[in-house]
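Each of the next two complexes has chain A plus one more chain, namely chain B in the first and chain C in the second.
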Partner chain A sequence: MAEFIDLVLLAMLALTALRVIFLKDLFAVVMLFGIYSFLSALIFVNLDAVDVAFTEASVGAGISTVLMLVTLALTGRTEKENKRSTVLPLLVVTVTGAALIYGTLDMPPFGDPNNPIHQHVAPRYIEESPKEVGLPNMVTSVLASYRGFDTLGETVVVFSAAIGVIALLGVRRREDLAAEESGFLTHHVLRVVAKMLIPLIILFALYVQFHGDFGPGGGFQAGVIAAAAFILYALVFGLPQAFSVVGAKFLQLMASFGVLLYASVGLYSMFKGGQFLDYSKLAADPVAGQHYGIIIIELGVGITVFAVMLSIFYAFGSQVERSNVK
Partner chain B sequence: MFILDIVSSLLLIAGVFFGLSGAIGLFKFPDFFTRVHAASVTDSIAAILIIGGLLLQTSFDLNTAKLFFILLFLMLTSPTASHALAKSARHGGLLTLAETNKDKQEQTH
Partner chain C sequence: MNLILDYYNYWIVVFLMMTGFYIVISANNLVKKIVGLNIFQTSVFMLYISMGKVTGGTAPIVVEGVTQYSNPLPHVLILTAIVVGVATTAVGLSLIVRIKRAYGTVEENEFENKDDAI
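Our next item is the complex of A and B:
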């Protein structure tokens, strides 16, 4: 049954991808990308990888759809007609595809328990992480503790994305605040429902943030969900209102604070006599130290991801408003 | 427990029926607003019936509470989404099929 569901989902995934290639209407393409992410999230659920599915659903289907829609508001919704010949690209793609398929022939058989990936570090994590880290959600142990350095890198990547967007699009200035009212002023239903939902979404984000040690979730998902609540607020009540709730400057401080919090945990564990990001040294009891470390760095990740996502939305949104005023 | 199973399967079957009819309507209906109407059937009543059926299949523990919250969330969001969609289409100047036909008739006469 699980294989049948997998097959159906994969077929739908392929169909969506083909539609994306042939459609010229970019608005529909963005929607299809959302569907694509959601289908892959379902496949991850079917593979019992709920943490990855959660990330894919919140980041892929949620926030990136919104960010791409704001981009479309700046660039226009139809694709430019491509008049160049398609023979050479087709050749390149065919050769690359053939090389990739040739490469996969050497791969170990799919799903075989004797594959190197199942023999090397995975058993070590499964056997030792309950004793060393002691968290029920092993994914969080691997992500935040064993691979803490990688996750620090990912957080820095997210942070640098914000730097890039702000450097390109700029931050909204004070005098722009007097710009005309935006948002859906006449949409009473939307305003009422948004007012009811936003606190619930923020509450859920906090739950995802601090329950990540025990269930699926963690800083990345929580940051994105919290950012979604504020984006909903900005969309319904207008950007100026959202700016008076959380300002762009404050978000920049938050984004750098999250990364610094993460890195300073690493430095503190060095100061305590361990290696960089060795949480066992944070408390007298190594397992308790691991718990402290993971909670703090997840908080750092959450703060950075929230601030970065919201800053990117602000940057695009103010740009759209500016072009509307002209 | 037997009665609960029957009620839950009835709810599930009704949910599947409404889901399918919504999907068929989405393809068959002539203009945007009737299509939104069909899609909102899938969103609202089908989802509510299916989750209601699933609620009766749980053993009344944490999963029941989670499903209940999902139900509540869907009841709030899906009608709002359909409303917002239809309203912004109207705001953008999209006409219903009847109005378009009337316009055409007036132009030809």
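Our next item is the complex of A and C:
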């Protein structure tokens, strides 16, 4: 049955991607991209990657779509007619695709437990991590503990992306925005529904943050979900109102605080006599130490991701407000 | 039939990858190019997760009585890649916003001859 669902969902995914090529209406393209992300999330669930599905649904279908729509508001929603010939791109794509298909024939069959990928480190993670780290969710153990250094790097990349966006677009101060009208203040249904939903979304984000050790979830997902709640607030009640709840300066502080919190856990474990990010040294009992370490660094990741996503939205949103004034 | 079931996921991945690639090299509009890049990126995610799947396995969260789990390592790699992906997409989109402000258009053929306009 799972194989059948896999077949159908992947076929739908392929059709969605194919449709994007022929559409000239970019609004429809972005909406199709949202559908594409949701379909991929479903496929990830079907392939047992529940944490990945969680992230894809909140990031791909949530934040990416909003950012693309904001960009469309600034650049126009239709693609102009393209007079270039499509023969050459089609040829390149067909040849590359044929070579890749030929390459897949050398791959081990899908789902076979004896595949090389399942032979080296994976059995150790699966068998030892519940004892060594003490968490039922192996993805969190690997993410935060075994590959903690890697995750620190990813958090820094997310942080530097925020620096990039703010450097390119800039964030306006609250005073500049205060006089302008924005949001959907006259839509009563939207306002009431948003007011009911926002606390629930934030509550859910906190649950995902602190329950990520036991079930699917963690700092990355929680940060994005919390940011989605504030983005909804900013969309409905207007950017100036959102700025007065969480200011842009404060968010920049939060983003750097999260990265520093993560790195300082690493340094602290060095002072305790271990290696960088070796949480076993954080407490007398190594397993309890792992627990403390993972909770703190997941919090750091969550804070940074939240602040970065919201800062990026603020930067794009300020651009729209500016173009509305002109 | 077995051959198809064994490689179906990989073939769809290649198809999606090539669709994304085609959009990137043939589209004229920069926002559409970014959508193409994202489709390409998701296809790579799909490749990794497909490789991590074990038939008869379950999600890598310890449950009593289960011995067969799918491989958690690709999940970790892709989870962080998705968040990094949206961050880099945001940088790309903000570059597009700046291009629109500098050249007044986001269609590639319209601004490529205007390089000395700034």
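Rule of thumb we're sticking to: the second predicted complex is superposed on the first by the 323 of 326 C-alpha atoms of A that agree within 3 Å, B and C clash if a C-alpha of one lies under 4 Å from a C-alpha of the other, contacts with A are read in each partner's own complex, and residues count from 1 in each chain.
Definition applied: a contact is a pair of C-beta atoms (placed from the backbone, for glycine too) under 8 Å apart; a residue touches a chain by one contact, two chains touch by 3 or more.
Keep in mind that what you see is a predicted model, and the values were worked out from it rather than measured.
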First (chain B), second (chain C), both or neither touched by A:Ala122: second
Chain B versus chain C as contact partner of A:Leu190, first or second or both or neither: first
Of chain B and chain C, the chain that contacts the larger number of chain A residues: C
First, second, both or neither for A:Phe306, with chain B first and chain C second: neither
A:Tyr262 touches, of chain B and chain C: first, second, both or neither? neither
Partner chain(s) touched by A:Ala161 [first = chain B, second = chain C, both, neither]: second
Touching partner for A:Phe243 - first (chain B), second (chain C), both, neither: neither
In the complex, chain A residues that touch chain C: 3, 6-7, 10-11, 13-14, 17-18, 20-21, 26, 29-30, 33, 36-37, 40, 43-44, 47-52, 55-56, 59-60, 63-64, 67-68, 70-72, 74-76, 79-80, 82-84, 86, 89-90, 92-94, 96-97, 100-101, 104-105, 107, 109-113, 115, 117-118, 121-122, 125-126, 130, 136-139, 141-143, 147, 150-151, 154, 157-158, 161-162, 164-165, 168-169, 214-216, 218, 220, 224, 305, 308-309, 312, 315-316, 319
Sites on chain C touched by chain A in the complex: 5-12, 14-23, 25-32, 34-36, 38-39, 42, 45-46, 49-63, 68-76, 78-80, 82-91, 93-98, 100, 106-107, 109-110
Of all residues in chain B, those that touch chain A in their complex: 73, 76-77, 80, 83-84, 87
Of all residues in chain A, those that touch chain B in their complex: 184, 187, 189-190, 193, 196-197, 200
